[in-house]
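What follows is a group of structures, each given as structure tokens.
Across the two complexes that follow, chain A remains constant while its partner is chain B and subsequently chain C.
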Partner chain A sequence: MAAPSLRRSLRWLALPVVLVPLGWLLFTGLGTDPRVIPSPLVGKPMPAFAGATLEGGEFSSADLVGRPAVVNFWASYCIPSCVDEHPVLLDLAARHGDELQVVGVLVNDTPDDARGFLDRYGQVGWPNVLNLDGDISIDYGVIGPPETFFVDADGIVIARHVGPLTTDEVARQLAALGLTP
Partner chain B sequence: MIPTLGHITVVIGLAATIYAAAAFILGGRRGDPGVLASARRGMYAAFALVALACVAMVISLLTHDFSVVYVARNNATTTPPFYSVISLWAALEGSILFWTLLATGWASLVLYRYRARLPALMPWVGATLALGTAFFFAVMAWAGDPFVRVTPIGPEGNGPNALLQNHPFMGLHPPLLYLGYTGLAVPFAFGMAALITRRTDEEWLAVVRRWTLVPWIFLTAGIVAGAWWSYAVLGWGGYWAWDPVENAALLPWLTATAFIHSSMVAERRGTLRTWTHALVIATFVLTLVGTFLTRSGVVNSVHAFTTSGIGAWFASAILLTLGGALGLLIWRLPDLRDRRAPGAVVSRESAFLFNNVLFLGITFAVLFGTLYPILVEATSGARASVGAPWFNRVNAPIFVALLFLAGVGPALPWGGASWATVRERFAIPILSGVGVVVAAWALGVRDAAPLGILGLATFVLVVMGDEVVRGARSRARSRGEAAPLAVLRLATRNRRRYGGYLAHVGVCVMAVAIAVSATLGTDRTATLQEGESLAVGEYTLRYDQLVTEPLASDPRVIETRAELTLAGPQSGPIATALRDYPNSQTAIATPVVRTALGEDVYVTLLAYNTTSRAATIQVFINPLVMWIWTGGAIVALGALFAIWPDRRRRAVEAALAGG
Partner chain C sequence: MRRIALPVAVAALLALGALVVLELMRPSAAPTRAEQARLIAAELRCPDCQALSVAESQTAGAAAIRRQIVEQLAAGRTPEQVRAYFVARYGEWILLAPRSPLAWWVPPAAVLLGIGVFAWWLGRGRGAVAPTASPTGKARDRIRDEVEQLDA
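After this line comes the complex of A and B, so read on.
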């Protein structure tokens, strides 16, 4: 009688055999953020850029040397994502504006529309490069706004974030840049 | 005020379903009809409460109450009332609310219908359904609260997703699909009840057959409507892209279809019993997997809702359900031994068995292709995607084999068939199939796919036609009925069998239409100046002018349309447009489709230049596409015919209930 009861208890092995891998797969899938998209730029020097800004001045990435930078690609038509991340960026600049430089880069947007966006959702204290010919977006491999690149003090890109920035993501990247979030 | 009311009804609804589950278990153990009646009322109350919550959400949408985050994100002051109402199911939290409405609706309907029948099974059916709906209430009470408020209140909302407010089909496709998804909880509940009470005889199967076919009809219609929506809205000229979310709807459909077939064998022959239970479990778990895939953000898809924390809830629910159901099945395996030996290799049972193996084959292929990107990411961190060509290549041969079985199965007798029977039944159908292939070849069709499918479909249709003629002739002879009356009586006295045949006719129509439209269509893309023409096949398309103006129904939407004149077998003025929605980064295509029995002319505007007035236009000539939708409708009608209550059966049921 030992054989059938052994066989019967072996049947119960089906449960862990099915559930453990499935659970592992489902929860690992959840843990990964679909917005983290690999970029060949990570670990390499940031592509240099320069140009007129929304505020009427000029900006050059050469000015950034020695300070970490947050390069944020955005547009006025990018709703709700750019609206969602706007307060996160404002908060970042308010608390760490003296330790790092935030730079906005417009993606396929008109200066008037961009100004309208800032009037409505809050003026910013950092430069916004117009990028009218779209060359900067191409150099950075931007899929669509919003996208954000984190650059360390040596000008090396340390991370790329696709989609709206979150407070958690900013805290993680600030830590990676050696700053206290 | 109204949103607060909505939130409160959800919380009370959660309490009502938990109470119902507990009362069903208690009442079932004690056999106390009073407790069971109270448990049923708990479920009715849950349905009424979630209906109130839905009304509260619809009022919030219609009155543009932007203090509710869901409304602010999915509605704007200019949103037309129709799209405001259907925004109830257009985004994550609202869709769960709507889902719960349908799930509690199905549960209440079943509990009400069987309030005086199946006294042993029903408490456990009720407990399973109550626990399932309690899960959705719990999701709404915590992780996916649809009534979250925001301060300060903005003056304007974001408006509905541009793609989802571009076509009225959005009002039809999701409700049909959700009715199918949620209804499949009913067979699962009966399956669990049968295992718990060890009443795994044919009683539960007889009930469940009907309660699987009803949601199956909705699921079928929902999938076909979704394909139609994709065809009419997305502007790429196709209808099925093997998108993860399309797959998510197809997976439970495949296992439910397999179940509909295997349950016939289990009921008639007492075999395939464990298998049939496993299919019920798989179907329900796959509906949960579908919900998980669309709502957790693990896969990228046009359908994906916003990423949210409810993924963990659904993952846990999948594991708990699968673990519980599988455990119960293993525990009860000794009860599920087959009552007799399997039939001969050439018999109707084996046709059904092969059918099930093939359906499961497609299910695994689709599931694997859908989960593969997650698997790759989990193991290597890299991103991968599985494209339509892979799915087509893997699944096409299996579908062809299934089509073949659809003809073989009905003509084979139960138990086993002699060589003489096989020869007698299949000679004419095979010859007819070959004849049609030769005729199509002579008419100029050279592609293997449409030729093969045409031949197979003819074979299947002739087999079934032969069956009908045979049956009607014997009836006409024995009862002296006229031929048309004999056919009608034959069909209405054997609804299951002839409804099934009708569904197979629909499948043949769809198969031919899909094979032909996928291989024999043409398309052309050209950039034209105003006044220039483009010739495609037998058609000429003249580009008259470019017009840009705000949409009458919603002035925030700017439409740029190319006005064209079509000449050929179908003719007349047509216009195809790109629409700019204020909340969308990309312009939304509004293709124009001229449909006829033979072929569709499908014109889409790819790009335009407002200074030079040039327009880039793509024209598809898609043959037989309308037969895909028609075939889908025939399938659904066949199933409806099969479950239609007939007078004689009702009389028997009434007599049984009375006696």
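After this line comes the complex of A and C, so read on.
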């Protein structure tokens, strides 16, 4: 005879069972940035690359062994994002150039345009790999410049940053690399 | 004439049916490497443009991926290995259609669940109507009086 009251209790129980997971989904969904695309490379060895540089030399990622690295994908047409992050990278190299290696990789750009960008916004002391066939961009799963990969001394990718680098982001990643920001 | 017409019609129908079955069972020709490359490119998202596949886009990034697809197929990789190669670099994001079967089944399941809940909500009042008690003699007299007053 307790069936109707039991049914009523179950009905009230069903409400939170449905609403709580829905609310949780909405809450967590609203808190995430839809533009953030997780990279499958994080936690894995950095893809090796080598090639001619803008400066007229050759670069090989094999030379990075034992040293943390910041691999920055950029282009002269990437305005204003690449312009915005340029002083951040210059500051990073000036303060931590002896502890880590900054490497630039061009994305679908011509050497002349890239040189024009550096003439205008500041010359850099690190190598910039030409990447004319775009294979390095594919190996790193680059969607569009600027994108930056932080690699530890063991050659493991610890983070990927999509968009212009900020001083806060650099400080966070330096700490993760065990360096004093 | 009628006696012949029926068997002829049946035989013609059977022959037609056999042709259809044979056509359906005929193994389709294996796609050429160029067709395979085009099919893979159509399944991959163009990384440096919006809402276009690698096959449709004319950007440098899409062209580089198309070239790699052709090179990898020429090197003997299977289409599945080529897809996996790009997923390992870009993540599942690079696929225009999700691979998980959940992504296909959850929306219709949610719609069916919603219809079920709505049907239950509509039908929950039925069968639970409280029986109405027949009026007592006194009440019946009062109702008759009120009706007569209204008629007057």
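Heads up, the rule we're going with is that the second predicted complex is superposed on the first by the 145 of 181 C-alpha atoms of A that agree within 3 Å, B and C clash if a C-alpha of one lies under 4 Å from a C-alpha of the other, contacts with A are read in each partner's own complex, and residues count from 1 in each chain.
In this section, contacts are C-beta pairs under 8 Å (C-beta built on N, C-alpha and C of every residue); 3 or more make two chains touch, one makes a residue touch a chain.
Source: prediction; values computed, not measured.
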{"item": "Partner chain in contact with A:Leu15 - chain B first, chain C second, else both or neither", "value": "first"}
{"item": "Touching partner for A:Gly134 - first (chain B), second (chain C), both, neither", "value": "second"}
{"item": "Partner chain in contact with A:Ala176 - chain B first, chain C second, else both or neither", "value": "neither"}
{"item": "Contacts of A:Ala48 with chain B and chain C, given as first, second, both or neither", "value": "neither"}
{"item": "Dominant contact partner of chain A by residue count, chain C or chain B", "value": "B"}
{"item": "Which of chain B and chain C A:Gly144 touches, first, second, both or neither", "value": "both"}
{"item": "Chain B versus chain C as contact partner of A:Ala62, first or second or both or neither", "value": "neither"}
{"item": "Chain B and chain C contact sites that coincide on chain A, given as residue numbers", "value": "37-38, 144"}
{"item": "Chain A to chain B touching residues, read off their complex", "value": "11-12, 14-15, 18-19, 22-30, 32-35, 37-38, 75, 77-80, 144-145"}
{"item": "For the chain B and chain A complex, residues of the former touching the latter", "value": "73, 158, 292, 296-300, 307, 311-312, 315, 318-319, 322-323, 326-327, 330, 333, 371, 374-375, 377-378, 382-383, 582-585"}
{"item": "Parts of chain A lying in touch with chain C, wherever the complex brings them together", "value": "37-41, 47, 108, 133-135, 137-144"}
{"item": "Chain A contact footprint on chain C (complex, rising order)", "value": "47-48, 59-61, 63-65, 67-68, 86-91, 93-94"}
